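Alright, structures below, take your time with them.
Paired with subunit B in one complex and with subunit C in the other, subunit A is shared by the two complexes that follow.
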Partner chain A sequence: MNAVTANQVQMNIERSPGLWSLAWKRLLGDKVAVVSMVVVIFFLLLSLASLVGLIAKDWNKEVAVNYAPPTLFKDSHKPSADLKAGAVDAGPAVDGAAERVPLVNERDPLREVINELKTQLGQPTVATADSGLKIVDPLADVMTELRKQLGRTGDGSAKVVEEKRLDFLPFGADKWGRDVLSKVIQGSETSILVGFAAAIVATIFGTLLGALAGYFGGKTDDALNWFYSIFSSIPYILLVLAIAAVLNKKGVLTVVLILGFTGWTSIFRLVRAEYMKHKARDYVRAANAIGASHTRRMFVHIFPNISHVVLVQLSLHVVLFIKSEVILSFLGFGVPVDTVSWGSMLNESQNELILGYWWQLAAATAFMAVLVTAFSLFTDALRDALDPKLK
Partner chain B sequence: MTTPLLSVKNLRVKFRLDKKNSFDALKGISFDVMPNQTVALVGESGSGKSVTSLAVLGLLPKENATVDKASVIEFDGKNLLTLSNTEKRALRGSKISMIFQEPMSSLNPVFTVGYQIEEVLKEHKGLSGKAARDRAIALLTEVGIPEPNIKIDSFPHQMSGGQQQRVMIAMAIACEPRLLIADEPTTALDVTIQKQILDLLAALQKKHGMSVLFITHDLAVVGDIADHVVVMRNGEIREQGASKQVFAAPTDDYTRALLACRPVVDSRPKRLPVIDDFMAGRADAMRLEQRSRGVLETDPVVLEVKGLCKDFVSREGLFGKRVFHAAKDVSFKLRKGKTLGLVGESGSGKTTVGLTIMRLHEATKGEAWFNGQNIFALSEAEFLPYKKRIQIIFQNPYASLNPRFTVGQIICEPMVIHGIGENSEARAKMAFELLAKVGLPEMSFYKYPHEFSGGQRQRIAIARCLTMKPDILICDESVSALDVSVQAQVLNLLQDLQDEFGMSYIFISHDLAVVKYMSDEVMVMSEGNVVEQGDSDTLYSSPQQAYTRKLLDSIPKGVSALT
Partner chain C sequence: MLAYIARRLWQIIPTMLGVILLIFFLFSVVGGDPAYLLAGKISNPEQIANIRKQLGIDEPYWMQLLIFIKQVVTFDFGSSWSTNEVVSQIFATRLPASLMIGIPLLILETIIAITIALAVAYVRGSFTDRAAMVTCTMAQSVSILVYIIVFQYVLAYKWGLFPVQGWGNGFFENLFKFAALPILIALVVSLAPNIRLYRTFLLDEVNQDYVRTARAKGLSENRVMFVHVLRNASIPIITNLMIQLPGLLVGLFLIERFFSVPGIGREVILAVERSDFPVIKAVTVYVALATMLANLAADLLYKAVDPRVELK
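Our next item is the complex of A and B:
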C-alpha cells in the first residue's frame, strides 16, 4: 500500500494505537508485571543459551568429587571429609588421574598372584602409571607402539580423562560429581522447552476444535463435545500412561505430545464459549452480509477478538505443563535417563535426601519455584492488561 | 414563594481520565425542584444529565470523580454533599428513590418481584411478614399490574418489559419518597408502553404529591409530563424555564435545534435541520422546502417478496418442540429508488423480515424475486454475488463494526471479498472517496471504531455498504441508538445517498415519525402479521386498522403540537 503510506506521511497522521500496543503500555505500567517479565525473560535466555550450547554444555562431565557440597557450605558439611573414600570407589576406569588412582588395589583377591607374576617378569611391584595400565590392558604395549608411529609422544593414558576441578560450585555436585548448577540450567532448558512446546500444541489443538464447535454449533458441536467428554472422563494419569504406552518411546517429544493431547480440554471449553458468544454479534453478521466465508469469519473476524483469551490460556498452560512435566519425570514417565529435567533431578534427590545431600533438591526447587511464580504473576498481569475491565 | 425541595447550586463535577487529563462533566449548574413538581433534565449523550442524578444520589464513582468544594446540593434543607455515607443511605430509598433505564438488569433475576419489593419495605419501613406482602400487593395494584396477588410470586423474566418497569416504579414509591429520580425510564420500551408508563408516572406524582426529576434525551416525551424543563449540553445548562414557555418560545438556539431536528409526522422537509443549521441561522428556510414521497404504479419493482414465513423452532422437553412464527405470510413490492418503511413494536417480526431477505436467516416458506431470480431458492454459493447488491445497516453501530479492524480494513474488506478494485491501492483510494462522501475525515482510515461516536460509526457502516454499490439497502433500526441531532444527520445522509445512487431502502424502525419521514410506502407489522400497508401519507392521515391508530396515538404529542 504505497499510496496509503505516502498519504500518511504527507498528512502526518499518528496511527491509532491498536489493542496490543495499548495492552503493552498497560503492562509496562505494572511493576509486578515488569519484574516477573524480566525473570521470565531471564529464564528464557538461560534455556536458549543452553539450547545453542553457550552454557551448561558440559553438564554431563565430572568436575568434582561426587556429592561435593555447595561452595559456601564446604567446611560445614560432613561429606567433604569422605573425599578419599569416594576416590577409592571411583576406580581407575572412571578416573585416570594419576595421583588419585591407587595403583595397587588393596582389596583385589588376585593381588598376591599379580605381585608374584610381576616379580617373575622383573617388574617392580610398585607400578608406575604406565605399568598400571598394562596390567589391566594387555594391548597397552601395542597401543604405545602405534602411538609412536602416529607421531604422538608420551603415553595417552593421562589424556583419557582430563581432570579439571571446579572451585566454584554454588549448588554443589551430584552423585557423579557433576556440577548441579549446570545440571539445573540444562534441566530448565528441558522443562521450559517441554512447557512451551506442549502449551503451544494444546492451544492450537484446543483453539481449532473450540472454534469449530462454537462457530458451527449443532452436530459439529455435539460430535466435538463427545470427543471432549471422553477425554475428560478418563483419569489424567491413566490417560498419560496409556498414551505413553502407545507411543512406546521415551523422549522429550513424547512428553510434549502427551501433555499437548491431554491438556487441550480446558482451552477447548473456553474458546468454544467465546466463539458461541461472538458468532451472534452484529459484526460477524455484518461480515456475513458482505459475503465473508465461514473461514474468514472464524479466523479473520472472530479470532482477533478472542486472541487475548487464547494468549492468557497459552501462558497459563505453560506454567501448568512445566509443573506437569516435573511430576511426570518425577514419577518416571517423563524424559529418558540421559536427559536431565527438574523432575528427574527431584527424583534423584529422593534418595540423596536420606543421606543428607540436599543441594540438588534445593537447586531444582528454587529454579522451578522462581520461574513458576514469575510466570503466574506475569499471566495475571497479562490478563489485566488485555482486559482492563476484569480488574 | 415556597422553598424548593431539591436545590442544586453551582454543581461542578470533574472526572479524572488518567494521570494528567481530567474531564469537566458538569461546569457549574444550578436548578431547583419545587415540591409536587416534575422537572425534566433534557440533553443528548454527554450532556451531564446522568452525572447530575448520580451526584444527587451520592452514587458518583469515588475513584475518579471529584465534586467541587463550592457545590451545594440541598435537599429538604440539608446539604447532601456533606452528609456521611450512613445518612445518605438512610435518605436513599426512603426520601429519594430512583428508576433506571433497563428494568431487566435492575431487577435481580433470582428473586421474585414480591420478595424484592418486600425487601425495600423491610429495610426502610420495618414491615415484615403478612404486612409487607399486603403492602407489596397494594403497590403492584397501584402501578397497574394485572392480577397482583398472583404476579407477586413471579420472577422478573416472566414479565414483559413494561411490567418490569412498573415493578421498578412500585419499588421506588414503596416508601413514599419525596423525590423520585427517573433516569430514561421509557427509552427501552415500545411507544405504546412508553405512553402507559408516562401516564402512570404523572398519575402517581399527583396522587402522592411527590417531586419527579425526569431525565431523558427525548424532548417530545418531556412535553407531556414536565412542569419545568432544564436543557443541558456539554455539562452546561443552555436554557431552563416553565415547560410551556420552553417549547413555545425557546430562546436558545440549541433548544430550538433539539426541537426541530426530530422528524415530525405532519411535515417532511427536504433535509432535516441539524444543530449547525440553527447555529448558522438557516434552519427556518430549510423547513419550508418540502419533499414529496409516494410511489407510482409505473415505478419499476426491484424486489418482490411473496408469502414470506419464518418459524423459529426451539426444543422443549425430551422430544417436544415449540414453533414460534416470527413472520407470517409477508408480501410486498419494493420499487426502485423508493423507501419501504416497516414499523411495529418489539416482537412484531420486522427485523426478522429484514434479516431473512438478506438470507441471514433462512426463510421457512416464501419467495423473494430479485432481478428475475428467486433468491430464497439459491444455494449459499449461488447467493454470494447477490450479497453485493442487497446490503444491511444494523441497529447498534457499537456492535456491528469489528473492534480489531481499522476503519480502512473495515471499508476495504467487502472490496477484497468481491474483487472490487485491482489492488490495495485502488481500494484504499476508493475508501478515501467514500469516507469523504459520508462526511468523515480522511484520517479516519487509520483509526479504530472505538475512537468514533455512535453517529460516526453508523457512517462507517454506511460507507462499508456503499463499496458494493447495492441496489437495496436494509436499514434495521439504523438510527434508533443515536441522539436526535445525530439521527437527523444520518437520516439526511441516507436521503442524499438515495438521491444520488437511486438505491431502494427497506427502513425498519419502531419510531413512527422517523418512518413517516423516510418512507414512500409503509407496512405496519404486529406479532408477525402485516396489519396494514400502503402509501405513507395516506396511511398516517387515515389509518384503517385499530392497531395502527393505537400506534399513532402513542406518539408523544409534546412537540408536534407546537411546530
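Our next item is the complex of A and C:
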C-alpha cells in the first residue's frame, strides 16, 4: 500500500533533464553540428555497409578499361575524351545494348598492342621485365591476350559474361580497370575502422591509467606519470615508425595497436586531472561511507561524471588516427597491400598524376576531406554542447 | 635560477632512463635476435656474428641493456646495418639539410601565423574572422600528402617554377632553389592549425581589462595589439613553438622523402624500410632528449617574457 503511493508520488515529480539530454538538445539546436553529424553518420553507414558486403564488394574486379576517365553515362563516353586521357577504348559505343557485352569481345587485339606501345611511350619510367619482353616481341601481347581469351572461354563462357563494363564511373577507373568509387568506399571502410578501433584502444588505455593515477595519487601517480613522460617525450610519429619497424608485420590489427598504444598520452593527462578533482568531492566520500570499493568508486561513481571529457577525447582521436593511418599506409607501413585504404590510394595516385590520371587522387582526397571536416566540426560542437562553460 | 636549471636537468635522468628502457624493450626484447632480420640482407655471416657480439645477444638482458646505455652515453651506436655508415656520421651529415628547411620554416611560420592570428582576433566575430576560420578548418582536413603531391606536380612538374626534387652542394643553391618548395608546402600545411591555435590564445587576452585601459590612455591600436596583447599571449605561443622544435628534426620526414632531401627525416623512413635498427634507436633516443631540453628552454623563456612566472 505504502509502496504504491510512493511510486505515484515519484511519477508526479518531473524529472529534471540530465547532462546528456541537455547536451543532445544543445547539439540539435546547432545547425553546423546537425549537418556534420549527418555527414559522419552517412560515412559510418557507408563503411558499415561495405564491411558486411552490401556495397563495394566487387572493388577488386576489372569493370572498365585501364584508367577509364570519370563518366556518369555511356553517352558522355566519347572516344576523343578517352584518347586525350590516354585511355584505351574499343571504339564508339554500340547503341544502348553495350551494357552487358563481355569485355573481351569488344577488344581488338591489334589496337591493344598499338595503344600499349603508345602508353609506353607516354610513360617511359615504367620499365618492367614484362614491358621489355613486349618491345622485343610485339606479338607477345597479342599472344597473351589470345591465351587469356582461350583460357577464359575454356573455363566456361559464363565467366566472360560476368565481366561487364560499368557505365557509371563517377571517379573513373584505376590501373587495373577497377572502379575507383568502389575502391574509395572500401578505403573509407578501412580508414574509418582503423580510426575508431585505435581511438577506442587509446581511450580505454589512457582512461584506465589516468583513473589509477588521479584516484590513488602518491606512488602510483608518480610511477604512471613517469610512464607518461616517457611516451610524451618521444615525438608521436617517430614512436609510431619505430614500433612499425620492430613489428615489421603489416595488418589492420597491427596498425590499430600501434596507433592505440602510442596515442593515449593526452587522454591520460586529462582523465588524471579530472579524477584528482573528483576524488575529494562529497559524493565520492559518501560512496566511501556506505562501503563502496575503490573500483566501484572509480568506475561506477566518478566515471559517469567525467565521461563527457572522455567522449570528446575519443571523438578527437578518431580524426587524429584516421590521418595517421593514411600517412602510415601511404609509406607502406600500414595496412597490407591487398587492403585498400585512403593512404594506399594516395600512394598509387602519386605516379598516376604525372601521367594525367587525376581521378583516384581526387576521390581519395574528397572523401577524406569531407569526413575529416565533418568530424572535426562535430567534435567542436560536441565539446560545446557537453561543456557550455567553455564557450 | 642556476639551481632551478640543475634540478630540471637532474629530473631528465629518470625519464631518459625510461626512454632507453622502452627503446630497449622494443628493439631487443620484442625485436628479438637481429640475425633473422639480417639473414637476407648481409650475406657475410662474420658480419652478422660481429653485430650480434656488439649487441651482446648471447649475454643476459641486463648486460645487453648496459651495453645499450653505454652506447647512448658515448654517442656510439656502431654503424648502420644497411649502408655500414657510422651512425654518428649519419647524424652529422643529415642534420644540415633538415635544419636548412626547418629553421626558415619556423621563422616564417611564426611571423605569418602570429600576424594573421592578430588580424583575425582583432576583427573577431566578423565575416572575415569566420571566413578565415572556415578556411583553416577545411585546409586542415586535407591530408598533408595531398598538398605535397599536388604542389609538387603543379608548381614543379607542370610549371617548372622549382626543381621537382633533389639537393645541391652550395648553401644558397640549396636554400633558394631546392629548399624553397619544401618550405612553401610545410608553411601552407602548418599555418592553418597554428593560426587557429594562436587566435584562441589571443582571444583570451583581447577582452581583458588591461586592453581597455591601454586604449583608454590613448595608445595606438598597433601598440595595443602588438605590444600589450601579444606579450600576454606569448606564453602559450612559446609552448607551442617549443613543442614543434624537436619535431623539426623528424617532422618534415614526408617532405624530405618526396623531395629527396638528404635529411634526418628521410633517413628515418629509409631506416624503417630497411629495418636498420641502430639508426632508428639513435634518432629516437636523441630526439627524446632534445624534446626534454626544449621543454626546459620553454620554461626558462616564460620567465623572460613574464617576470611574474615563478620557477619552482
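The rule is simple: the second predicted complex is superposed on the first by the 283 of 391 C-alpha atoms of A that agree within 3 Å, B and C clash if a C-alpha of one lies under 4 Å from a C-alpha of the other, contacts with A are read in each partner's own complex, and residues count from 1 in each chain.
The rule is short, and it goes like this: a contact is a pair of C-beta atoms (placed from the backbone, for glycine too) under 8 Å apart; a residue touches a chain by one contact, two chains touch by 3 or more.
Quick caveat, the model's predicted, so the values are computed rather than measured.
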item	value
Which superposed partner A:L377 touches (first subunit B, second subunit C, both, neither)	second
Touching partner for A:L238 - first (subunit B), second (subunit C), both, neither	second
Subunit A residues touched - subunit C or subunit B, whichever exceeds	C
Touching partner for A:N305 - first (subunit B), second (subunit C), both, neither	first
Which of subunit B and subunit C A:V39 touches, first, second, both or neither	neither
First, second, both or neither for A:L51, with subunit B first and subunit C second	neither
Residues of subunit A contacting subunit B in one complex and subunit C in the other	none
For the subunit C and subunit A complex, residues of the former touching the latter	14-15, 18-19, 21-23, 26-27, 30-31, 37, 137-138, 140-146, 149-150, 153, 157, 246-247, 250-251, 253-254, 257, 268-269, 271-273, 275, 277, 280-281, 283-284, 287-288, 291-292
Contacting residues of subunit A [partner subunit C, same complex]	226-227, 229-231, 233-235, 237-239, 241-248, 323, 326-327, 330-333, 342-343, 346, 349-350, 353-354, 361, 365, 368-369, 372-373, 376-377
Sites on subunit B touched by subunit A in the complex	358, 360, 384, 387-388, 391-392, 394-396, 399-406, 408, 413-414, 417-418, 424-425, 428-429, 432, 442-443, 445-448, 451, 461, 464, 468
Subunit A residues touching subunit B - in the complex, by the definition given at the top	1-4, 7-8, 11, 13, 15-16, 18-19, 281-283, 285-292, 296, 301, 304-305
